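Here you go, one structure.
Every chain is named by a letter (A, B, C and D) in the order it is written, and numbering of its residues begins at 1.
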Amino acid sequence: MTGTVRSPCLAESINTALADLLDQDPRLVLIGEDIGRLGGVFRVTRGLRERFGADRVRDALLAESTIVGQAVGMAMSGLVPVCEIQFDGFTYPAVNQLVTQAARVGGRWNGRISPSLVVRIPTAGGFRGVEHHNDSNEALFARVPGISVACPSTGEDADQILRYAVALGSPVVVYEPIRLYWRRSSPPRSAEPARSPTAARVVRRGTDLTVATYGAITDEVLEAAHDLAPDVDVEVVDLRWVAPLDMDTVLESVGRTGRLLVVHEATKDVGIGAEIAASVAEYGHDALRGPVRRLAPDRRAYPPGDFEKDYMIGVREIRDEVLVMTK
Amino acid sequence: MAVKSLSENETAPDDDTRRTLLRHMLVARGVDEEARRLQKQGVLDLWPSCEGHEAAQVGSALAAGPAATVVPSYREHAVALLRGVTPEELLAQWTGRTFCGWDPHRVRFFPYTMVLAAQTLHAVGYAIGRRMQGLEDFVVVYVGDGATSEGDMSEAMNLAAVESASVLFVVQNNGWAISKPAEEQMRTSVAERARGFGIASAAVPGRDPETVFAACSRAAAHIRGERAPFLVEIRVGRINGHTTADAQEVYRSSDDIARTKAADPVTGYADRLRGQGLVDAAWFAAVETEVREIRERLTKEYA
Amino acid sequence: MTGTVRSPCLAESINTALADLLDQDPRLVLIGEDIGRLGGVFRVTRGLRERFGADRVRDALLAESTIVGQAVGMAMSGLVPVCEIQFDGFTYPAVNQLVTQAARVGGRWNGRISPSLVVRIPTAGGFRGVEHHNDSNEALFARVPGISVACPSTGEDADQILRYAVALGSPVVVYEPIRLYWRRSSPPRSAEPARSPTAARVVRRGTDLTVATYGAITDEVLEAAHDLAPDVDVEVVDLRWVAPLDMDTVLESVGRTGRLLVVHEATKDVGIGAEIAASVAEYGHDALRGPVRRLAPDRRAYPPGDFEKDYMIGVREIRDEVLVMTK
Amino acid sequence: MAVKSLSENETAPDDDTRRTLLRHMLVARGVDEEARRLQKQGVLDLWPSCEGHEAAQVGSALAAGPAATVVPSYREHAVALLRGVTPEELLAQWTGRTFCGWDPHRVRFFPYTMVLAAQTLHAVGYAIGRRMQGLEDFVVVYVGDGATSEGDMSEAMNLAAVESASVLFVVQNNGWAISKPAEEQMRTSVAERARGFGIASAAVPGRDPETVFAACSRAAAHIRGERAPFLVEIRVGRINGHTTADAQEVYRSSDDIARTKAADPVTGYADRLRGQGLVDAAWFAAVETEVREIRERLTKEYA
C-alpha cells in the first residue's frame, strides 16, 4: 500500500523536549497525576522526576481543577507550569479554571502579566479504550478566546509546539494523540518545514484536492493519499494548530487544488471542520470547483471498543470521499 | 452526629453470615483471577483488579443489605457479584461490548462511573430524590482514596450533610491512586474530613470482613435511625497494579507489594474460618466447583 | 424605524410555564441558586417557592457541580429536575457533570433509563454586566453528543421549548437571553408556527437573502430587515434550537433566497454559525448566489461595559452586511 | 496543627494601631457610601457593598501586614484601600472601564475574581510557586461563606494542607450568599471543615477589629512559624443587599436587617475609641475631611 518511515515516536520527542526545557529554564515545572514516580500512564514523562526532582516534576493531587488552578497561581508567581491531564475525557473538571481563569488572567491584569501555562492532554481513540478514554475535545477550547490549541501529529511538531508554547505568555492546550505516542512508523511526509511555529504544514503536495486535517488521523489521510496516487493527486495540510487556525495555508492550497475536504476524528458538529469549511466557503468561494466537505464521526458518543471501528474514520472512508469529490 | 452505640453483639455477623462473607470473597477472587487471565490473553481490554479489597467490599455490601441501592466507582466487583450481577455481565464492559453489562435496576447496582467522584453527587441526589417521593432509599456509594481529592466528593459530602441524606459513603482507601500514595493525597483521613462537613464517620481496617461488616452495620443503623449520612473509611491493600495496564513495580517497593500479598484478606479469612471449624474441605470443594464453573462460563463466553 | 409589538415578556412566560409544569407533574423539581426565597436574581422563578414549597423549588447550595450532579441522581430516582445556573459564565463548574454524566447516562444504562433533565442558563450581554456576566456559550454544549441546546428568543418559544424539554428523556440546556427577560416590545414577527417543537421558525418572509439567527439578537436582525425593506427583502429564520439544528428549514429558505448570512452574539470561531455555514456550503451549494457569510464578534473576551457597544453586533452592522451581500 | 499560643499582649493592637484600624474603617465606609450613591445615579453599573465587613477586612489586612500578597474575592474594598489601591482605581471596574483598576503588583493586591472560589486555588498555587523560587511569600486569600461550597474551595484547602502552603484563608461569613442563609449552606462551620482537611483554624466574631486583628496576628504567626496554612472564619453582618442590584427585603426580615445595622462595626468602634479618649473631635474632623476629599475626587472622576 504505502511505504512508511521510522522516526522517534511522539512520546520520546515530548520527553526529550520536556527534559530540555526543564534543563534550560528553572522556572519550568511539570504537574500532573502520576507523571513523577510512574512517569505518566503513557510513560511520556519517564525519568524526569529522577532527573529534575519531585519538586519540579510534581505528582499532582487527584483533582484536575487543582492542577490547573494551582498552575494559574504558580504562573502568576513567575513559574511556567506544564500540566498534564491524564486522559482527554478527564479535562472537564479543569474547564472552569482554564476558561474563566487561565484564559483571562492576562486581560484581567491589563497585560501586566502574561503567564505562560501549558496543558498537555492525551487524546483520541483507536486503542479500545474504556469509556471516556477516547475523547477528542479540541473544539472545546478552540472556541475560547485567550486559549491556543495545538494538535501535533509528529514528534518533531510536538517538540516545536512545546518550545513555542512555554514562551507564549498565554495558555496553550496541546492535544497529544495517544495512538501515536509509541508508533514508530508512519507514512512519509514532505520535508517542507512550517513557515512559523503556529503555521500549518503542507505534508504532501498534490494538485487535485486539498485535505485539511490534524492529529493522529493525519497518518490515515496520508495513507489514503498515497493509495489514490497517481489517479488522484491529493494535497495534505496538517494544521498542527486549531486555534489560531492557519487559514492562509489552507486557502492557498485550495487556491491551487480547487477542492477541500476536512477530516478529523472529533465529532463533526460545531467542530474544527465547520470553522474551516465556513471560512473557505466564504473566503475561498471563487477558487472552489465544488462544495467543501467534512469527513468526521457523527454526533454521538465514542462507543465501546467493539464498535470503535464503525465510529472512526478510516483510510477507506477517506479514499471513498476523495473519489466522490473528484469524480 | 454521635454514632448510636450498638454493642458488638448487635452487629457481629452470625456463623451463616460469616460463611456467606467468605463464600462471596472466594467467588470474587475467582472471577478476578479469571478476568486477569483473560486480559493477559487479550480477551479483556483492561481489568481493574479488586484483589485485596474483597473483605471491604463483601463486608460493606452484606451489611448494607439487599434493599440498598449501590452506586459504585469501578472496582467494586465483589459488591457487584454479591448483588447478583453475573460474572458474564460483570466482564462485558471490559471486553468492549458495552458501557454496562448488567441491568442496574434489577440488581440495584448502578453502572460503573469512570470519571472519579462524579458518582458521589449522583448518590446523594438519588437519595434526596427518593425521599422526596416518599421512598426512603438507603444509598451506598463507593469511592477511592484518590478520588476524594476531587471537588465533587467534597461537594457531595456537604450536600449530604446539609440535606441529611440517607447515604453511606464507603471509602476504600487502598493507599494508592495509581502511583500516588494516600499519605500524599491528604493530610488527615477521609473520615476526619467527613466530620468536618458534619458527617459522622468511622475508619476501620479492611482485612477482616467481620470488622467491616460490624462497622457498616452500625453505620447503616445510624443512617436508618437518624436519616443522616455516614462515612466509613476502610483501609485495604491493593494486591495488583491499579489496572492490568499498570506496572506497579515501577513505583512501589517489592517489600510493600509482598507485604500486601501476605496480608491477603481472602486467604486470611479462609484460614481463620477453617481454623475455627466453620468451614471444612467439603465446603471449600463446593465453592471451588462453583468458581470453576464460573471460570468455564467466562472462558466460553469471551475467549 | 420599525413598529414594535407588545407581548408577555420572556421572564413571565417562563415563570408561567414552570408554574404550569410544577402543577401538572409532581415529579418536576426546580434547583438553583437563589431561585426560591428571592425568586432568582432575574426574578424568573418568583412566587414559585411560595406556591409549590421549598422542597420543589430548591435554593441550591452555591456549587454548580452539585446542582447538576444531584440533578442527575434525582433524575435517576424518577424526578424531572429543572436546574438554573445563575449566569452563563458560571456554567463551567457544572460542565463535567453535564458532559461526562448527564449526557451519557442514557447510553451508559443501555437505554434502560432516559432521564429528563433541563438546565436553564441566562445568557448574553447588552446590559453592561461585569466580568463573566455576559457570556454566550451555547456552542460549548452544541457539540456534545447527548445534549440538546435551545435558544428561545420569545416567551412563546421558551414556553414550547420548556414543555418539550421536560419530557425529552435526555438533557436539554436552554439559553435564556437576559436582555429579553423583561423586554416588553419587540419587532413584529410573522405568525407562522414552527413545524415541530424543535424546528426553526421563519419569523419574516423575504426573497433576497436569508438571515439565520437565534436568541436575543433575533430582534436586531428583524429590525435591520424592516429597515432594509422594501429595497432588500430579507427572510429571517429564528433557529430556536442550535442542537439539533433544523438545517431543513435553513436550506429551504436558502433555496428560495440564494443567499445566507448567519448572525449570532457568541464569538464567531468554531461557533454555531460555522456549523450552519459549513452545512449550507456543502448541501446548499447549488442554490447559493454568493458565499455564505457570518456576522459575529471576533474571538475575544466580552469586554468591560464601556466597550460592549464595539463588541456587540448591532442593527447597523447587520444592515451593512446584508447590503454588501446583496449589492 | 496546634495553634502557637501567643498571649493577648503579643497580638493585641497598640493605640496607634487601633487608631489606624478605625481610620481605615471610616475611609472604607466613606468610599462605600459614595460608591452606592454613584451607583444610584447610574454612574456605577453595580457595587457590592462591604458595609458591615469593615472590621473583618481592616483587622485581617493590618494583621497580615504590608508584605503579604492578598488574593481577594470581590468585596474586599476595605482591604484594597488599606493596601494602597486608590478609591478611583477601586471604582474603575464597577463603572465599566476595565476588569481591574489597579496595578496588582504595586499593591500586592490581586484583581477581584468573580467566579466564586476560583481564587482559592490561585492563592495556594502562588504560595507554592513563591516557595519554590525561594521567596516564602505569605498569601492571604479571601472567600465568602457561600463560595466555600464550591469544589475549588475544598480542593484548595486540601492542596494547602498537603503542601503545607503559607496561606491564610480568611472566610468572611456574613450569613448570606445572596439570599441563601449560611446555616443552609453548611452543617458545621468552615473553621471545622478546615480542620477536617488538616488546616488549623479559628472562628471569631467580626464586629470588633481588635478581635480580628488578634486572631489574624496569631494565625499569621502560626503560618510564618510552621510554614503551614491557617483558616480564620470571621462572622460579619451584611448591612446592605448582596450588591446594589439585590433587594434584600425580599428574602430577609426587616428585624434582621435592623439588627445588623444596629451592630454596625464602624460606628461601634468609633464610639468605643471615642469613649476611651483615643480619638477626639479633631481626629474625626481630619478623617472626615479626608473622606470628603475622596468623595469629591470620585465624583469628579466618574460622575
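Here, a contact is a pair of C-beta atoms (placed from the backbone, for glycine too) under 8 Å apart; a residue touches a chain by one contact, two chains touch by 3 or more.
Given the structure is predicted, the values throughout are model-derived calculations rather than measurements.
*Asks:* Could you run down the chains that neighbour chain B and chain D together?
*Replies:* In this structure, the chains that contact chain D and also chain B are A, C.
*Asks:* Rounded to a whole Å, what is the gap between the Cα centroids of chain B and chain C?
*Replies:* Computed from C-alpha means, the inter-chain centre distance equals 43 Å.
*Asks:* In whole angstrom, how far does the Cα centroid of chain A sit from the Cα centroid of chain C?
*Replies:* Inter-chain centre distance comes to 30 Å.
*Asks:* What's the distance between the Cα centroids of chain A and chain B, rounded to whole Å?
*Replies:* 38
*Asks:* Pull out every residue in chain B that's touching 2 or more other chains.
*Replies:* Touching at least two other chains: 98-99, 115, 149-152, 155, 158, 162, 184-185.
*Asks:* Can you list the chain A residues in contact with two or more other chains?
*Replies:* Expected reply: 61, 63, 65-66, 89, 92-93, 96, 100, 104, 107-108, 131-132.
*Asks:* Edges wherever two chains touch, nodes for the chains themselves; is that graph a line, a ring, a star, complete, or other here?
*Replies:* Looks like everything touches everything, fully connected.
*Asks:* Which part of chain B faces chain C closely enough to touch in the complex?
*Replies:* Those in contact with chain C are residues 98-100, 103-105, 110-111, 113, 115, 118, 120-130, 132-133, 137, 151-152, 155-156, 158-159, 162.
*Asks:* Using the touch rule from the top, collect the residues of chain A that touch chain C in their complex.
*Replies:* Its residues touching chain C are 89, 92-93, 95-96, 99-100, 103-104, 107-108, 131-132, 139-140, 142-143, 145-146, 243, 245, 267, 269-275, 277-278, 280-283, 285, 290-294, 299-301.
*Asks:* Okay, in this complex, where on chain C does chain D touch?
*Replies:* Within the complex, chain C touches chain D at residues 33-34, 36-39, 41, 59, 61-66, 89-90, 92-93, 128-133, 304-308.
*Asks:* Which of the residues in chain D end up touching chain B in this complex?
*Replies:* Touching chain B: residues 149-152, 154-155, 158, 161-162, 184-188, 192-198 of chain D.
*Asks:* Chain B touches which residues of chain C in the complex?
*Replies:* Those in contact with chain B are residues 27, 29, 55-56, 61, 63, 65-66, 69-79, 93, 96-97, 100-101, 104, 107-110, 112-113.
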